[in-house]
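Notes follow once the structure below has been shown.
Chain naming follows the written order as A, B and C, and within any one chain the residues start at number 1.
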């Protein structure tokens, strides 16, 4: 895929620009796939070769102004796009055979959805045409006759049960389990290692038999220390180990 | 038929009430009311001359196309105009609640469906699909409803126990708040990582 | 017009929906269904030949008299009757999926459209454009939906087979798509980098 960055095109209708960036009127879209197709059309790119990174960024920007009733559907698509973006950005080994394009599933869904939209357009036109024909307006009163037997079947009744049940609002309880991360301890451990060495390997700061909590604590500590300029993180080449080095301008205490 | 008679035929057909000559005039404001009236008579004569199954009647100062009386008996016999009345969604939903929760009071039906239920309950009662089966012990001793033998008959079921059990339905009717992870499981989950 | 065509005209005028040849047969059980059908076509030809304001359409497996499209503008301008409310894009897309995949469950509709579908399915059901046609064998035995005769009536179609075939559409689905990376492989792929 091409990762050549072009300046973002000025979004045209149904997008509108305001001072805070651009705002999408999501009412104009019938769902995340519709919005995605719109962005692809704006970019004039082939569905079969989607520039995922750029489209994912635009999608995230577009849903920024989302009304909350549809949020879940759009956010789910956003997370898919971000995941695809990550998969596309991961370097590939030269010797890798038969690499499956992670975008294939999205492409299939977009094509299927595009076909659905085409049918919907056809149906809409047919309904529009037929709306020019009016049926009989006046209906004669029913003749005085014994009422016909009611019709009731199990499928109708069960459909009604489902409608009732889905209409009931259940309070949804989430229990968040707090996992204690020891970022301070990890920070101390990393600084202690860097006291002794100018540079070290990621594994050296973890200690022996690290738990997932240790790994996460160390990762956050490393990122925080890098952000504060106390150390720098480097990966010399794809797939090589990460090198953690003390900021050369800061002498070891 | 002249174009004006065609237009009048279409309008009288689509209208749900007799139309006066003035109302018909709105169809073609360029023509006079008299011209419209003349075209109406042309349509009437056409129906009579060609022996149509319908005729044009003057009713309450307006005009209307009606079926000729001679066909009324055959149409009624074939019951073509009547549809077997189907239950509305509101009736079905109320019936669903009563079937699965009986004996059940109005308040509970309203709480589950989120709308007032007195009208629908009365209609269902009039149609003999539900009946009063007792009174609750609660405040004001409200009436309790249950389904009738006719209800089972319409569903072709020998007994109420033949209804699919609630736990066989996609989502169980029973009060179903999703069980949160209990403390024991949560603890086990954390331990597994350690 | 023949007496049989007259009777059919009267019956079609009195009905609020398309009538099938079998329903019309109940008007004159002594005649054959084929004879009834022939008389229907005679009526249709009469309307066309005499340039009536109405025409006979084949809709949803039956026959119905409707006004000719050329008069629609005048009828609506004169406020004699209103046009049916338009279908929203969400409703049209959902109808497209149901029409081509029926019988189809809610999950499949949601998978194709990428949005939750329970609200729009319910609306279409309340407008009698789709109906429950059965239950799937799958987990939870979800309800399956199909289109109704009213759906065909609304689109002016005699039968569901009159929908365009998939290969007549501009975008035909690719016959085979490669399997996407599944979670397991994706995880292994990331691990290889560590």
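By definition in this document, a residue touches a chain if its C-beta (ideal position, glycine included) is under 8 Å from a C-beta of that chain, and two chains touch if they have at least 3 such contacts.
Owing to the predicted nature of the structure, the values given are computational and were not obtained by experimental measurement.
Looking at which of A-C and A-B shares more C-beta pairs in contact, the answer is the pair A-C. Using CA-based centroids throughout, the chain positioned farthest away from subunit A is B.
Of all chains displayed, C has the C-alpha centre closest to the centre of the whole protein C-alpha set. If you average the Cα atoms of subunit B and of subunit C, the two centres end up 20 Å apart. Each chain gets a centre from the mean of its Cα atoms; for subunit A and subunit C, those two points are 35 Å apart. Note: centroid distance subunit A to subunit B, computed from Cα atoms, is 42 Å. Within subunit B, the positions touching two or more other chains are listed as 10, 13-16, 67, 79, 81, 83, 89, 169-171.
Multi-chain contact residues of subunit A (touching two or more other chains) are listed as 134-137, 139-140, 156, 158-159, 162-163, 166. Touching subunit A in their complex are the following residues of subunit C: 13-16, 55, 57, 64-69, 72, 75, 80-81, 83-84, 86-87, 89-90, 92-93, 95-97, 99-100, 112-116, 118, 122, 125, 132-135, 143, 153-157, 163-164, 166, 169-174, 177-181, 186, 189-190, 192-193. Contact residues of subunit A toward subunit B in the complex are 134-140, 142-143, 145, 147-154, 156-168, 170-175, 177, 179, 211-213. Per the touch definition, subunit B reaches subunit C in the complex via residues 1, 5-11, 13-16, 19, 23-24, 26-28, 46, 50-54, 65, 67-68, 71, 74-75, 77-81, 83, 89, 168-171. Interface residues of subunit A facing subunit C in the complex, by the touch rule stated above, are 30-34, 70, 72-73, 77, 87, 90-91, 93, 100-102, 104-105, 107-109, 111-124, 126-137, 139-140, 155-156, 158-159, 162-163, 166, 239.
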